[in-house]
């Protein structure tokens, strides 16, 4: 139903993005850059970028919107979409799609649920999705990179090998999770290979512009940049539903309450959000709030929905 | 943005509801009627009703859509809206708005979070909301009843005293929760009074028609049946967001995935769902699935979104 | 086997107790007096008493060993012994005898185990024991008082009604636990009566001397002060085993490691310990350490085992 | 104090062991052999052996008391004792000595306690002990083997390489735990090395006779087979205390209640128990009960304490 918008609906997007960038100014550098992956710690905390890619093709940006950053967990949206594109619904036998509750539950929940992670966006669930994609394609990280190059139209976007190596060196927690999944028989490939693919897909470097264009299929009911269906309308709707309920870690409810859009964040400071039928928005601010989401990014999306009046509710 | 729908958008609603009733036929009586409140156990499991109240005033129904049933937890939406209408945002100091994760967490979570319930739709959170409404109005259950009578236009809808007494007699778990909240100083009124008001508001009896009309303000950006604002557009949007992320117990993610609408269920077998800008839908089927939601009701809403193509995603 | 000790085994007990009191001097007043029961908060934190009652009848004391204090959870040992004396082993169908792990587990554990508390010395388990004693005797608190008067030879020891009322007023957490037990069908009597009996038995006032004499049957293989068997040798051994594994809250392992004797503490600052075949020891120091055990009391018992060389290991 | 036993205390030990073997007959083969390590699954479930090594040098046995079996977790007692012999008390900065509560807590507890395992006998704690021993000696498994050869007087006892390899192949859960410890900085050596040493020490093969002789120092206040102090009396007492509170997994309270002796079990079906001052007892029965302890073994120790009257309580 959201497809039949009149031209007069369209606000002055460039002006809105500039206003958001101005309003965000005092927040720059508040919060703290993710430190657990050493090579991420070097990013300047006061960067800020925002980009909107419209369903009809327009692209608008402000601030550092063309500066690449580490997409980290945002990659989980694309690996999930890829698995669903190959395999339709079978991944849901191996992972639930429920919000995860408090963070300390991840391991106890895996035990209580016999190795089935609570959703594809917590690390345990994302490892299962990557494992499946690895089986389906032989190289999960390369598949994600291929999709992103195609959708963004940027053939040079790539994995940052320094970040990937840094994640591997400090990835004891993910290794712990992967071995726990393996102990329940919920990995098809060797733990080491799944981890390598996972660290690589998280280490992809993209700008706000690249990311907004790449996520646009979720605002176009599954239609890819090339105009062909990548996901069915129903699948696209469902990826958005999972993003809304599970996309921002422990703060999914808060994000839905404040922003009111499906969204997925990463510890690199990026967030992708979708207005179904209208546009994909990317924000980037490396300094994170207490829940691991970009502090400036959440505020920017808050302003965006207030200024445009766009919300799914 | 969802307000400017053309007339040709409008499908044959009466035909759709009849088709849903037909499709639901084989599911009638599957699942099991909630037994923990003895007086609820007497309801025939094969009842089924559905009603749609359109934002523009049209009302459509099929099956047992005018038969009253116990609304139970659906009352939590109205007590929350009332508290927000009086008190704007201050309730959120006493309750979070995050999904609750696995059910066994409710008490451990209360301990970890020092008495702040995870959201207003789990019982602990609803007790806090009722407590606040009791302080604000002197009679929380009567306030909810008053709102529902006004919005539904049915001045005779009322609390079933037998159900209320039955809940009180078997309410040890809610009493346990209320005392735990009190031990953290998160109740303003005596435990017994809060419980009495809570059991009364849950024991309200309403038909699908009454309920759909009563919830319509959430599809009209907060505008009441009388045409005046009951909630602000922003508040209405936020109640919908909380319904989507927390409205169907432990199955909120599944509900968002399958149905894709904000919704709230009750163990009486009712579910209310909202298509923002368009309509409120109520379904009723007393036999419940494993997560405590109406089995036929969820299936009916699934068919509804498939047949209308309406979704927020 | 511990019964055949030669006379030359007997150290200079009075000298030992005096030395302990001297060593404990710098600790007096460290830690903090339990504040959650207001009437307990008024006790001076620097009191200290110690008493040893020998199996052969000798009684030794130092410091405030004849000053009465609130025995609180130490009463749980006597209610358990009473139930076992009436009912042999049937209480173990309603409560386990395993250590409780971390404190935040008490409620989650009750849910996971369908209402069976982990041991009789955590509050949930003690409520079940009191409930059983209430059924068996008609007045659980009076039965405990009767046993203590008989064993201590002090017919005037009694419940402090101010403390009992203070516990009832601030007993939301115990009320929460009792209702949760009731929701699982693991109480035989009304919640209010069980709580009243429980608060009364915890509010008993006794001196170190009274308590050491009262607990002596556990050092005499179940033989009461009057010389008749109160418990069988096997039952006495088993109460000691439960004290060792579960008697000092979350610090049972630490207590076994440092002190090496079965013991039971209370938030009033008292601790009772048993050297099977030899003696019962009571210490009292109202200021508590982080685990809710008397700081000076634990140190005193540590010195006691070092100076006497007595340990079960 | 337990050292001064008269000769007339000594019961007819050979007769007692024979009677236990007779009584155990109907239990042979009940329960199930541990299956998660494939090579353990091949052991015949109806084997049964028992051996008592007296502090004064006498050794008594019945049944399969000279048949070697996989000692598994019993090795944790010896690695702990070795670390304490080198390092006195410093290991307790890296591991607690509290009972572990319900089994599903192990990982949530590690998170709540920032990577400090609850005790040295759960797997997480044993990995920390092995890691420390590896740092201290360069080869943890060889050190444990060396101690056992010396104490048992059997220079040919050794690691079963098939069992060790089998554990490594199916050790995802231990690998998960080790990586989680590493993520908290609580391992000094690489995960793979710690795991290899751990699997090797668990794969040691010993008979009841070897084991009873090897554990005898814990009944002799730390004095080794050679007559020299291996542990101080205080350390020996403390290892016994940890065995009592934490030695039989989730059933430590039950074991203390029924048997009343410090004990440590392994999934190979062995149990070692200590009567301080008197003797070490080993039982072996490969078929396990629901808590992972030898079914026949627990029953045999129950009979042992009943027939001898020996208990620490």
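Descriptive notes on the structure:
We call the chains A, B, C and D, going by the order they appear; numbering starts again at 1 in every chain.
One rule holds for everything that comes next: a residue touches a chain if its C-beta (ideal position, glycine included) is under 8 Å from a C-beta of that chain, and two chains touch if they have at least 3 such contacts.
Computed from a predicted model, the values in this text were never measured in an experiment.
Put simply, the chain farthest from subunit C by mean CA position is A.
Each chain gets a centre from the mean of its Cα atoms; for subunit C and subunit D, those two points are 31 Å apart.
A straight line joining the Cα centres of subunit B and subunit D is 56 Å long.
Each chain gets a centre from the mean of its Cα atoms; for subunit B and subunit C, those two points are 49 Å apart. Residue positions of subunit D touching 2 or more other chains: 104-105, 112.
Contact annotation for chain pairs lists A-B, A-D, B-C, C-D, with touch applied as defined.
Contact residues on subunit D toward subunit C in their complex (touch as defined above): 1-2, 4-6, 9, 96-102, 104-105, 109, 112, 118-119, 236-238, 240-242, 244-246, 250-254, 256-257, 260, 262, 276, 309-313. Those residues of subunit C whose C-beta lies close enough to touch subunit B in the complex are 104-105, 107-108, 111-112, 172-173, 175-180, 182-183, 191.
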